Structures are given as C-alpha cells and as structure tokens.
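Presented sequentially are two complexes of chain A, the first with chain B as partner and the second with chain C.
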Partner chain A sequence: MSDAIKAENPVPDIVKAENLVHSYAEDGRRSLDSLSLSVKQGEFLAILGHNGSGKTTLARHLNVLLEVQQGELTVAFLNAKDPANVWRIREKTGMVFQNPENQFVSFVVEEDLSFGPRNFGVPEAEIPARVRRALAAVDMSGYEKRSTHLLSGGQKQRIAIAGVLTVEPDILIFDEVTSMLDPAGRKEVRDTIARLHEKGKTVIMISHDIGEAVGADRAAILNSGRLLAVGTPRELFTDPELLHRAGLTPPLPVRLYHDLRGRGIRLSYCPITCGELEELLCR
Partner chain B sequence: MKQLPVGLYQPGSSVIHRLDGSAKLLCLFILLAGVVHTASLPGYGIWAAFTVCLIRLAHIPPGTAFGSAARLKWFFGVILLMNLCFYGPEHPWMRWWIFCPSYEGLIQGIHVVARVFLLLVLSNVLMVSTAPLAMTDAMERLLSPLRLIGVPTDLAAMILSVAVQFIPTFFEETDNIRKAQTARGARFDSPKLWEKAKAVLPLLVPVFLAAFQRADELSLAMEARGYRTDRRVWKKKYPPYQAADWLALLLCAALAAAFIII
Partner chain C sequence: MPIELREVSYTYAPGTPYAAQALKKISLIVRDGEFVGIMGRTGCGKSTLIQLAAGLLTPSAGQVFLDGEDINERHFDRNRLRQKVGVVFQFPEIQLFETTVEKDTAFGLKYLDWSGEKKQAAVRRALEWMGFDFEAVRNRSPFGFSGGEKRRLAIAGVLAVMPKFLILDEPTAGLDPLSREAFLELLRKLHQGGMTVLMISHDADALAEYAGRIVILKEGMLFRDGPAAEVFSDQEGLKENGISAGQVREMTERLRRRGWEIPCGTIRYGQLLEEIAGRWPR
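Entry: the complex of A and B
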C-alpha cells in the first residue's frame, strides 16, 4: 500500500484510552493515573513496567474485567463504559493470564477449548472445527484428547492461548504469559505470539521483561500508573536513563553496547537484539 | 500425586467411552443397587465377571481399573477382621475377651468387602471412561428436573467440575510446600503427634492462601472467556440417547433386577 493511500485510509485505533483513572484502595491511591494510550488495528504493542506500575490493571480494563471509574475507553470500537457492550468486548478481546494452570476448566484439551465458544453461544456443530483451527494456530494439532495437567509449561500456556483463539477475538492480550516458563517454554510462547500477530491479530503484551518486547511494533512504558513513554522498541530500549526511571533493566545488547562505549569501543549503532549485536561484532 | 483417581480419565473410543455420560452414571447407580442387594458368594462371582467384561470392553488397563481399590487393601483387611470378630456372637468358634469370631462374621465381612470393592471398581470404570466435563454434564442432566424448583444445577455442576480439576494441582502444591518446609526443618515424619500437628499447622496457611489465589485467578480467566452466572448464553441441548445407551441401561437394569428379586 502506498504512503498516499495509507494517509487517506489511516489504520483505525482498535483500542483508545483517554485519561483513564483507576483506584483499588479507599484512600484514593491511583493504580492508573490519567492514562491515555491508543493501539492501532493489527499492531503489536508491548506494555512494560515494573511490578505495581499498573500494567495488569490496564490489561483488565481492556477485557472489562475492571469497570472504568474515570476517563474514556474504547475497545474493539465499542465503548467500554456501556454495560451493554461488556460481553461483546470480551468476545472481541481474548486475554491470556500468567499461570496457565489457573485458566483451565477441564482436564482434557478439547473440552477446555470448547469452554469459551460455548459461553459465547457458538453453535455446537462449529466448535470442533474451531478447536482444530486454534490448535493448529498454536502448533499443537493432535492434542485434542490430551490431559492438560500432563503437558509442559510452554505447552500449557499455548493451550491457554488456543482456548482464547477458539472465540476468534480481534485483540489478544497477554498478561505476563512467559513469566512462569523456562527458556524453552518462553520461546515457544513468544514464537506463537509472533505468528498470531503475523496473521493480523492485534496483540497487546504485558511484561516486565524488556527482552520479550523487542519484536513489538511499539512499546509503552508505565510507571506508577502513568504513561512514561511510548515509541518503537529501539527508541525506548536504547535510552538507559528512561528505563532506569521506569525501574526496568535494559536488554543485554544495550548494556553491552554502553559498557563497550565506556571502554572506548564504539559500535555504529546501539543493538537491541542479540542478532544485531552478533552482526555488529562480526563486522 | 498424579495417581489420584480424579485425574484418571483416559481418552478412548471404546464402546463404553462412547456411551452418554448420564446413561453411564444411571447404569452405575442401577448396578450399585444390584450389588448392594447381592447376598451370595456366587452372586459376587457373577458381578466380578461382569465388571471384568466392562473393563475389557472399555480397554482399561487392570492396574488403572483396580488401582484405587487395591490401595485400600488395609481398609478391607480391617473391615473383614472387625466383621469376623464382632458380627455373630451367637455361634462363635471361640470366645476370648471381647472377640468372638464366627462363620457368620466371616461371611458378613466378605459381603461388605466384596460390595465396597465392586462399588469402587465400577465407579473407577466410569471415571476412567468418562471425561470430567461429560461427567458434570451427566450430573447436570440427571439433576435438571430440580431446575423446576429453582435449583441452579448448571452452576453446581460447574463448581464440581472446577473443584475436581483442581484436586491434583492442590495436592501437588501441598507436596511442594511440604518439601520446602521439610528443607527448613519441619518434622512431618516425627512419631510424636504434637510435633506432627505443629508441622501441619504452618502448612495449612500457605496451602489455603495459594488455593484462594488460584480460585481468584481462575474466576477472572473464566469471566474473560465469557462465563457468566447471571445469564446462561449457552443453551445446552442434551443429545438423545442412542441405541447403545438404551441397551446398556436395559442390560444393567435386568441384571440388577435379577439380583434384587432373587
């Protein structure tokens, strides 16, 4: 698509939050504080921040698991403040949580995967095909009859993702989905998320690990419920001072780049992935 | 902990697996009624042969089918011994202190053990050949008439299903916490009851906290996946019984009736 056509048909904001405020405590301490953020349709946005920065509170707003107390929120082009839209938004927005074991309602994969579509009134005859498609999307075809509690951590989380995909949502929200997994499991889940994004899903990934977000189109950094910065991963991750203020650790290649720079070795640009670092060092 | 019978469902395509869950549950109740009314040793032989046939038809490994009953061998031993020693004081073989072992006691003990054993194995065949959600569907279907008087049977079935789903996780977590506390010096193996109690009490706090946290996370995940208790979007239509379901019910009813009448 040419730039002129793109300018004429800008990609719409599938999620738009304006001055979102949320407080759990009676004392009025804000978990979200005048937060404004938008996500384009088909975009991969990583939301980063340390523990207690408001990431999960924001994620729960996007699935209307928390009511909007103050501000405006549109999810999947629907007003999240309208109670009539709650279930339509949940149908359009699939959310995967941190611990896969706490998301299963059945021992058997296909039964668990049927749970969401049944709740949203999908005809029974259509459900097996949806289950097969969802399993194929997470590269786990043939696992229909397996027991959920006998899978590896990465497989469990991919089944949890498949459980969300059977509802065929437009937006996928991943709330620290890799934090309980071993490196192999993390890679499995990361690759799955990347594949889903390539297929056109809007992906919102919540994490406190910057390494998980380098493949995102954009990243937003939260701190104390406020939006500290938003930009491309390269813009944000190569700014150690910004990351320090957010309580985040820069990716290893960025740390190495600055260490080398401190020792007088200058690389032509600051790498954010190990692949880029390897390429620079081999040059 | 994964050896618990609750997690023993083994997917399969046998004739027993393919039967409707509620038909299987009804069959189990009918068979149990028949077993309870059995009063002769040859009768138990017939039931045992029937149970073995079911196990073969369901392609269930003998270890799985008899596993939960075999684990209770000490319980069966105690039951047999108590009946033997205390049941029939009229014609005892001998009398010593409060013990009066008799032939009647021995027969009664065999009756009780055989009944409980058959009950466990038949229930196990049902558990192993029926998926947990199919089981809750079956309970919901059988309880559905109670909806007429306002009992939320679907909600009760879901609570039961989720509770069953969490049992292996719950035991695994308890085991992990127990190991962590053992590493920090807790004495679960102490023969002293007081020390054992002291070790178990601190175990309960993290186990229950973890259980509440899990319940909280699960409820959020279920809500995010469209589950709602205020309105049932998914109108469940129970499939009609197939010929095999009716045949199974008829066969079980005939067998049980024969024992009850005779």
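Entry: the complex of A and C
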C-alpha cells in the first residue's frame, strides 16, 4: 500500500481509551489514572509494566469485565460504557489468562471449546466446524477427544487460546499467558500468538518479559496506572533508564551494549535481540 | 541438616486405571548450606519431589531422611519437620486468608512456644525482608494488594517461622523483573545466612546466577546433577530435552560458534561481560 493511499484510508483505532480512571479500593487509590491509549486494527501491541502497574486492570476493561468508572472507552468500535454493548464487545474480544489450569470448563477438549460459541448462541450445527478451525489455528488439530488435564502446559494454553478463537473475536488479549510455562511451552504459545497476528487478529499482549515483546509492532509501558511511554520496542527497550523507572529490566543485548560502553567498547548501535548482538560482535 | 532421598519412587493413584508413576528411584542428598536448583519440563516430577522432601507425600518406595532420621517413621516428630522445612508452593498468594497482613503472616507461628514479642518481631522482619513497610501494611487486608505483592506477602508467612531449609516451587513466575531480582537477592542473603535452599525454576538465568548446583529431572528420573557451570555447559543435550540453559548461555554459544574462545561454562552475566570485554577487539 502506498503512503498516499494509507493516508487516505488510515487504519482505524480498534481500541481507544481516553482518560480512563479506575479505583478498586474505597480509599480512592487509582489503579488506572487518566490513561489514554489506542490500538490500531491488526496491530500487535505489547503492554508492559511492573506488578500492580495497572496492566491487568486495563485488560479487564477491554472486555468489560470491569465497567468504566471515569473516562471514555471504545472497543471494537463500540462504546464500552453503553450496557447494551457489553455482550457484543465480549464476543469481539477474546481474553486468555496466566494460569492454564483454571480456564477450562470441561475435561474434554471438544466440549471445552464448544462452551464459548454455545453461550453466544452460535447454532449447534456450526460449532464442530468452529472447533476444528480453532484447533487448526493453534496447531492442535485432532485433539478434539483428548482430556484437558492430560495436556502439557503449553498445550493447555493453546487450548485456552483455541477456546477464545471459537467465538471468532477480532481482538485477542493475552494476560501474561506464558509466565507459568516451561521454555518449550513458552515457545509454542509465542509462535501461536505470532501466527494469529499474521493472520490479521489484533493482538494485545500483557507481559513483563521484555524478550517476549521485542516482536510487537508497538509497546506501551504502564507505571502506577499511568502511561509512561509508548513507541516501538526498539525505541523503548534501548532506554535502560526508562525501563528502570517502570520497574523493568533491559533485554540481555541492551544491558551488554551499555556495560560494554562503560568499558570503552562502542558498538555501532544498540541491539535488542541476541542475533543483532552476535552480528555486531562478529563483524 | 541434610535432606536425603534414598531410592524414592512415587505413584499417584496406585492400583487404579489412573495410576501414574511420577518418580522412579530417585536418590539425592541436599547438604547444609547448599543452594540447589531443580529443573525439568512440566510433568517431570519436580513438584512431587519437593513434596516428598517436605514430608507432604509419603513415598511409594524408598525413604526420606532429615538429619539422618526417616521422616516417614511412625515415631518421627513431624512438628520438627514443619518448623525446620518451609515450603513456598506455586502461586502461594492463593493461601492468603486472614483479615490483616499481620495476622496472615503470623499464622504459621501460632503453635510455636514463642513469646508475643518474639512472634511480632519475626513477622516484622519477614515482611521487611519481602520489601514491605511493616507499620504501613500490618492492618491492611492482604486481598487489597496486587498479584506480585500478594506473592511476597505469602512468602513472608513462610519466612516468619525462620525455617532452616527453604523449598520453593517456581517462586518467581509471574513476578515483574525488579521484584524477581529483589526476591532472588533476598534468597541469596538468606542462603549466605545459612539457610539451605531448594528451588524449582524454569528460569535458567536465575539459577545460573544464584544456585551452585543444578538437578534436572526427566520423566521421573535424575537426568543431570552437578555444578551449575557443568550442567549448563551441555546446552545441546538440555535443549533436546526441552530445557533452556538460559539466555547468557545461549549468547555464549552464539559467540563460540562464530569463533570466540569463550569457555562453555560461561553462564552468568558478569562472566559473559568479562569474557567479551577481555577479548575485544578480536
């Protein structure tokens, strides 16, 4: 697409939050504090921040698990403050959580995956095809009759993702979905997420693992309920001072780059992946 | 106060169609003052192993010794075990239940014959270790904290008892990077103060940095057991079995393949930095 056409048909904001304020406690401590953030359709946005920075609170607004207390929010082009939109928004946004263990409603994969569409009133005859498509999308075709509790951690999370896909949402929200998995499981889930994004889903990934966010289109860093910074992963992750303020640590290559600089060794640019660092050191 | 597992096997739901052997003849001695990391893929038996070591499961075969005494003997004093061996399970935050932080942290001290002051001092110390201001949090509800903070509160409850032997199951999963580092530094301090630590983790970089010895399980059996630098040297062997030797080790390997003469036992960040700086320019 040429830039001229792009300018005429800008990619719309599928999520738009303006001055969101949220407080759980009666003492008025704000978990979200005048937070404004937008997500473009088809974008892969990583949301980072320390524990308690408001990441999960924000995510829970996106499928209206939490009601907007103050501010404006549109999700999937629908006003989240209008109670009539709640179910339509939930159908458009699929959310996967941290712990694979407590997201299942059935012991059989197929039944578990049918639960979502059934609740949204999808005709019974259409459900098996949806289940098949969802399993294919997470690379687990043929697992229909398997027991959910006998799967590995990575497989469980992929089934949880498939469970969300059966409802055919436009926006996928992942709330620290890899933090409980072993490295092999992490890779399975990361690859699955990358594939779903390539196929056009809008992906919002909450994490505090910077290595995981390197592949995102954009990253947003939250701090104490506020938006501290937003930009490309390269812009944000090469700034150790910014990361430190957000309670995050820089990726290994960035840390090495800066520590080597401190020793008088200057590399031509700051790498954010191990591959880039390798090339710089082996030139 | 060593813990010894001697040819321990464990089968879940024995004698039923669901019988599953989780551990097969494991022998392992954890000596006083060691910091041991336990790794392995999901389902390899790690959690079963620590539950046996803590006396929460009884072996199907074999014995578990604490200080040379079989903890599953009928006459063994289990109270001693509970006070000496602290266990931090996965997601310890779900164990919070009291109305205030102070009461919750003090719960484990309930049946110890300590004075009120001694108990309060222990609670204060444990909360401060975990990075809380005692006076500021003591009367708050433990449920009003974020996920990571709740994790630290729950761990304070285990540390309040001052166990000699601390067993942890994935304590850093879900903690943000600074909380993770702060927690690992605290573990290092407790370890230097004489506490024996046995920690399950997938975080090879953390274990490389903090644990002297690495034990890896595979399908219920011992796959590796040795000094961290030695175990993580064999990156290929570990990778084939779905185990990461960590990012530092990966970077070491990348550079080695490109002709850098960095020893394959380079597994800690500080070592890697020195190796690169010391060999630059090539």
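Basically, the second predicted complex is superposed on the first by the 283 of 283 C-alpha atoms of A that agree within 3 Å, B and C clash if a C-alpha of one lies under 4 Å from a C-alpha of the other, contacts with A are read in each partner's own complex, and residues count from 1 in each chain.
Note that a contact is a pair of C-beta atoms (placed from the backbone, for glycine too) under 8 Å apart; a residue touches a chain by one contact, two chains touch by 3 or more.
These numbers were taken from a predicted model, which means no experiment stands behind them.
On the superposed chain A, the positions of chain B and chain C overlap enough to count as a clash.
In the overlay built on the shared chain, the residue A:G163 is in contact with chain B alone; chain C does not reach it.
Of the two partner chains, chain C is the only one touched by A:A184; chain B is not.
In the superposition on chain A, A:N99 makes contact with both chain B and chain C. When the two complexes are overlaid on their common chain A, residue A:L172 makes contact with neither chain B nor chain C. When both complexes are overlaid on chain A, the residue A:E111 reaches chain B alone and has no touch with chain C. In the superposition on chain A, no contact is made by A:L227 with either chain B or chain C. Judged by the touch definition given at the top, the superposed model places A:G52 against chain C, while chain B stays out of reach.
Contact with chain B, but none with chain C, is seen for A:N63 once the two complexes are overlaid on the shared chain. Superposing the two complexes on chain A places one of the chain C stretches 26-34, 62-70, 80-88 or 260-268 into chain B: stretch 80-88. When the two complexes are superposed on chain A, the residues of chain A that touch both chain B and chain C are 98-99. By the touch rule above, chain A contacts chain C in their complex via residues 24-25, 49-53, 56, 98-99, 152-154, 176, 179-185, 208, 210-211, 247-249, 252-253, 255-256, 259-260, 263, 265, 274-275, 277-278, 281-282. Taken in their complex, chain C has these residues touching chain A: 41-43, 90-91, 144-149, 170, 173-179, 181, 202, 204, 242-244, 247-248, 250-251, 254-255, 258-260, 269, 272-273, 276-277, 280. Listed in rising order, the residues of chain B touching chain A in the complex are 2, 7, 9, 11, 131-134, 158, 161-162, 165, 168-169, 214, 217-218, 220-228, 233-234, 237.
Per the touch definition, chain A reaches chain B in the complex via residues 60, 63, 65, 87, 90-91, 94-95, 97-99, 101-108, 111, 114-116, 118-121, 124, 145-147, 149-150, 163-164, 167.
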